[in-house]
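Two complexes are shown next, each including chain A; its partner changes from chain B in the first to chain C in the second.
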Partner chain A sequence: MPLQVHHHDLGAIELTILGSVLLAAALVCALFAAGAAVYGGRTGDRRWVDSSRRAVYSVAALLTTAVVILEIAFVRNDFHFALVADHSSTTTPTFYKLTAMWSSQEGSLLLWAWVLSLASSGVLYITSRRHREIVPWATAVLAGLGSFFIGLMIFKAQPFGHLDPAPAEGVGLEPLLRNPYMAVHPPMLYSGYVLWSIPFAFCIGALIARKLDASWIRTTRNFALLAWTFLGIGLLLGSRWSYEELGWGGYWGWDPVENAALMPWLVGTAFLHSVMVQEKRGMLKVWNVSLISATFCLCLLGTFLVRSGVLQSIHAFGASTVGGPLLVLIAVTAIGATVLIVTRLDQLQPERRINSLLSRESIFLVNNLLLVGMAMVIFWGTFFPLISEFFTGEKHSLAAPWFDRYVTPIGVLLVLFTGIGPLFAWGRLSSGAAKRLLLWPSIATAVTIAVLLTVSDAGHHVWALLIFAFAAFALVALWGEFWRAGATRHALTGEAYPRALANAVGRNRRRYGGYIVHAGIALTLIGIAASSSFQTNRDLRLQVGQTAKVGDYTIAYRKLTADPQNERIAFAARLDVTRDGKHFATLNPARNYYPTQDPTAGPIGRYFMGDSTSEVGLKTGAGGDLWTAFQPDLSSLNPAIVRGNRELRGLPPNAQGLAIIALAQHYAQDPPPANFKVIVNPLVGWIWIGALIAVAGAIMAGWPALESRRRLEAAYRARLGRELGTATPPN
Partner chain B sequence: MDPSRKRKIRLVVALSAAVLLAAGLVYTSFNASSEAKEPSQLAGSNPNQTYELTGDVVPGSIRHSGDQLDFRISDRDGSHPIPVTYTGTVPDPFRDGREVIVTGKYQDGTFVGERDSLITKCPSKFTTTTSGQSS
Partner chain C sequence: MEFVLAVVIVVLVAWFVTAPLRGRPRQSDEIDPGVAELAELEARKEAKYRQIRDAETDHASGKLSDEDFKHLDRELRGEAIDILKRIDRLRPPEAHGPS
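Let's look at the complex of A and B:
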């Protein structure tokens, strides 16, 4: 080996060693932070607490450097990094090189630890002069978690493993992950998981310090909202990816890994609501600390399910080494939180009781039970293979219909509550006021049912009908809330109505942002109900020139085109779609074939035998989607491939490339019949439109308040405190 | 009725409802589930019972005939291959050697898959390595 190359090798290997050293230093800092925080918390010595906070900042700095080193290696195709060689290649587009880091377990752990260190630093910076009793313990929890994940990377799954000599070419990113949604999905999901650790850590801190007023909730409120939003965006992107990339046309399959992300989101949603009851009414304290602990345990469980391979899943990532330690962490978290809650029960007594069923707190309680109930159903179904194995010795699994049977009715009730909740006031609502508030939404419900029964066959889909009706209820109720807010201010101040509305909403962004989230969720559920109940789904086998009718659409298969490139060969079908005799759309569903590294496939065969992915042909509209996927039959190529493998072996890559291009184009001129999957999916786009509206609402609700509004809030809190006779300390 | 008594009644009603629902959940889940089997465990099984068959696609066994897909599934160690017939959606990653799950019935030595029940496990993103030396 020439000397220069050897030198280069050494430089790259030093970089991988530097990465490992950074991780080791981060572990030392995180362990020190945890120890110093505990010591500072016990002795009350602020210097140790300050020191632990600075140690957490150092962890963030060290991990940021490690991430940068790894990303630079990905961009530079430095295959001395085992991670780069296994998950990237010179032909991987640059954007996907950057995102390839988290397609690996090691890279995902690094991402997790890095986001955790950043979020911890953020919350500790904000609270550096506040909550002196709680912060040391919260720091200890966060630093302990950080130590755990950094320790996993050092002892179980090293992101900085090196290869010497480096291979000339990497394996490349798994083709199914080369999709913009999938590139952004893992960081969103992980950020969601990780951010839930902030309210959890402060809850544990409050429990240990026995400071169980609502201050820990107020401090971490926006972190919880952010966690909820990120987790929601993660779910959203994952479902969209499934819809566009996996070639089956569905967006949700009750797969264990999907359920694993949905469960903490549901329980977290319950938490976001029930903390309001504690803030405003001083109730549900035990419930809140239990909910946040459960949410965080479910986040860890989600990570565990993805990594451990204990459940059969289409995502089963293979048995992994980090499952055992994660299970220990989940057990420690669950048991620790339970012990703390039980020993602090006397301090978690409610300040008052629920007096009336016609009150916001009782509606919130019911909504909480529904959300937690839904999460428990999903939990049971997800873990049923393990449960049944425990009782019967045989693994039984539950399919989508079982989940639908339970989740649908709960979902229907939840839509109703997205509308009822905002209408009811805290404390007690007179039955006259309740009647007045419920009048218009109820009329909307009745009209929706009547119209749908006359113009559609919704009568055969009772659950879907109920969702539409209750969504109408919710949307009209929410509309009324905005209308009243504007009208009241207009009457009080004399401002023009639009201005009055904007001011009224702007002054209570948390409330109205929440209502926008509700409206978005109602739209999403309309999309889910419509697309799952009224979908037309056909499998076709067509020759070039043939047409088929699916629903109102006539689909003509015009031609097949081949697009051979370095990275992949794409075969695309051209479909001309007409409706009522008029041109509706031209769709180009395609299938991409990525070369395999398997030498037995042969020099020509390897371009046709590797992974393939679907590029669906999609025409999106407000009324619904026309979704098409394409599966060419390449078996007629087999004789030519076998001959090519034999005759072209040993030729330079250029000549082989020409042969492959010729082969692909020859196939495209006279292709055999191909399989198509066509789905007419009514209103499906509203799932994601509604979700985007919900995200916008969440951002609005969590947007940091202006200084003037803070003063207003402080004054309000002081007044509330006087009225309740329990002055809340300023924080 | 005094409030605390009212609350107690509410609690009892809510708890009984929860217990009833939980019982329904347990009952239906044992009824609706399908048993997961590997090919070697299918011998002598009930032809009217639905199973979830898990195993690897035997290389070279995939045949398309019209809409129908015929292939063989073996245990993960490659033993006990059995023929499978299937119609419906074929997931992207389906190919020789892949681990798949298909739901259906085992009749006269052939496993007849339900329409659209074929699931391919993601080609494990975390186990591909160019060399044995990584990490």
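Let's look at the complex of A and C:
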């Protein structure tokens, strides 16, 4: 860090102290909230429960103020804040200054606690007059979690550490994080993790209070759906960042931190389906309390993996002192939930039994097994290095091929069930209806297999072929559901078919939104199967003017350009791509070199010995992507760098800057051969499109429908009111 | 300045959080159990209506046979009537009116 000194600024330092005071006050409030909630729950004194709720609101207000102070410090380049000095600089673009807060351990913990406080405040406001027995215990859980994370910040990772004197310039943001996807990825991921705490807390409250009907599920359903959606968006953004930024052309590497976010998403998916069975049929109660507990424990595990350093990951903050406390929290959560579930088993008995395999509830049970099974496989593979070290003394990692081998078959079955599930009815599907409903999807499956075997070499990629076939099954089945919805309403009401379809879908957004999610997932898996199994990947070394053939494409390396700036030097290659003799695309993959703060690198060398990032050249299309990455050979610059370090040391920065510009431009005029990675990725864009469709479906499923609820109530109240006089009790 | 601000914030928070504890239990607390239960029953009623509608949709689209639909519909309607009766018992007498 530069040694120039700012004048002592009492106001700025006091702001850091104010931030620390806010955190301390938030901790006191959170601890009070937990204690008051427990006291109110045990004694039934509502005043203490109300006070605990106000304490949670106060935590949200205090942490919001703390976040605002920190963000203002980032924007104003206030390097008295150690966090700002370590993760930002005067040359960092404003957008990345605002998002730099969560690029650090301390800032990300603050984000976690802040989102938790906001979500907790929201759910407690909504339930302020409901669930009298459950809410105190749920409040205690949420406040306890808040206390933990705020305490972690205060005692282990203080975001308001201050520097006196403040440096003149900050270190800047990690180059790999200067990407819009990576800027938004952490808040999405943490929102997902945090929002799962809401249904978890209410589940624990229901277990403690022994109120184990579906009421806690109904209240927290939208929070669970939001959590699933945010976590999914976080996974999507992370994958896209990997695809565009890391320079290897892939979007998923079975990295431990990637897996740690996928596992709660899978188990959470099982939970979202399984709770429908409890709501509608009174079954799978043990499954549901176990699934939400497992989902939340896995969220904590994901938080732990990023910060503990126990497993190597490009996504991780690295080893830190917060790993131990997080591990304790996970253990307490898992053991506590297990004890509660075991001691309440008598009240978790199902109200009915599954009486037919041809029923939606039996399909959802299979769904649970597949999703949890997949999560367990991924868990084993992720933690195998630690498991092997425990038993053998040596760490052995399991790489991507292992995961692909054991996860893919389960994924294939899941694709099939995304289509089967919507076809089946609650209770029992008649065998005649089953044959009729399965006919067209089965035909689609057979046709897909036949066509692919005829026109492609899909026969050599069995798993991909099955995914395509079962995805076709699912998409045709889902299309049939929408068609039947419109046709049924059209027959009943006489409305024109398009209007009938719109009304049928609009009046049951939860169901049809869910179907749209299924369609999105099927499309995503098509994209994954195609891009994984039919990819063309070549490493090239080209001189300017040379061409090479990759698949159907001819790649011509035309020129290299240099773009030296204050913050980085970029070298870009211009590639002209033709296909079948016609111009297809012009791609400009680049490599950015950021200066290192290491003074031993020298005034010239520091620009070439720091971190570097890849900007891929990408041509996207419905049929696939042409992806290129570029790695210039800078070894020819070494003699000039050494001479420049020696002769230009001590000169003003402007003079050094001019020398660097001249060096970069001289290099661009006569560059040595460069390395390129070129990948043809069939159908990869459908991963992102499918994921976005799934997100849209989730939003639709969770969207409140006040008007239709009133119409529904009026209709059924009138009909059931007539039966009140002659009603017989249910069996 | 920041010190004063911190003190003000802490005092305000303490006043806000402890406000419910400074008064006597309100009379409304005694009727809260009924209000809370009524809200829960209303939520269960909506869920039951939704299930009845889903069953009707499944029957109309041919997924449920007439016999299975009849059985399921009777079951769901019975549960809905049970909930409506409990709602009617909890509501104040002046709230009753034609359905």
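Here, the second predicted complex is superposed on the first by the 698 of 731 C-alpha atoms of A that agree within 3 Å, B and C clash if a C-alpha of one lies under 4 Å from a C-alpha of the other, contacts with A are read in each partner's own complex, and residues count from 1 in each chain.
One rule holds in what follows: contacts are C-beta pairs under 8 Å (C-beta built on N, C-alpha and C of every residue); 3 or more make two chains touch, one makes a residue touch a chain.
Just so we're clear, the structure is a prediction, and the values are computed from it rather than from any experiment.
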Superposed partners chain B and chain C on chain A - clash or fit | fit
Please indicate which partner A:Pro167 is in contact with in the superposed arrangement: first for chain B, second for chain C, both, or neither.
-> first
Here the angle between the directions from the C-alpha centre of chain A to those of chain B and chain C, rounded in steps of 10 degrees, is 140
In the superposed arrangement, which partner chain does A:Leu429 touch: chain B (first), chain C (second), both, or neither?
-> second
Considering only the touch criterion stated at the top, classify A:Ser51 as touching first (chain B), second (chain C), both, or neither.
-> second
Is A:Ala25 contacted by the first partner chain B, the second partner chain C, both or neither?
-> second
Which holds for A:Glu279: it touches chain B only (first), chain C only (second), both, or neither?
-> second
Once the two complexes are aligned on their shared chain, state how close chain B comes to chain C by Cα atoms, in whole Å.
-> 19
Doubly contacted chain A residues - partners chain C and chain B = none
So, in the complex, the side of chain B touching chain A is made of residues 3, 7, 14, 18, 21, 25-26, 28-30, 32-36, 52, 54, 64, 66-67, 87-93, 95, 101, 103, 116, 119-131, 133-135
Using the touch rule from the top, collect the residues of chain A that touch chain B in their complex.
-> 82-83, 85-87, 103-106, 157-159, 161, 163, 167, 170-171, 174, 176-177, 245-249, 312-318, 320, 353, 355, 369, 373, 377, 380-381, 384-385, 388, 394-399, 401-402, 405-406, 539, 541, 597, 609, 611-614, 631, 633, 635, 675, 677
So, in the complex, the side of chain C touching chain A is made of residues 1-3, 5-6, 9-10, 13, 16-21, 23, 25, 29, 32-33, 35-36, 39-40, 43-47, 49-55, 57-58, 60-65, 68, 71-72, 75, 77-82, 84-85, 99
Along chain A, where are the residues that touch chain C in the complex?
-> 11, 14-15, 17-18, 21-22, 25, 29, 32, 45-48, 50-51, 54-55, 57-58, 61-62, 65, 129-132, 214-215, 218-219, 279-280, 423-430, 432-433, 436-437, 484-485, 487-488, 491-492, 504, 508, 510-511, 709, 712-713, 716-718, 720-721, 723-724, 727-731
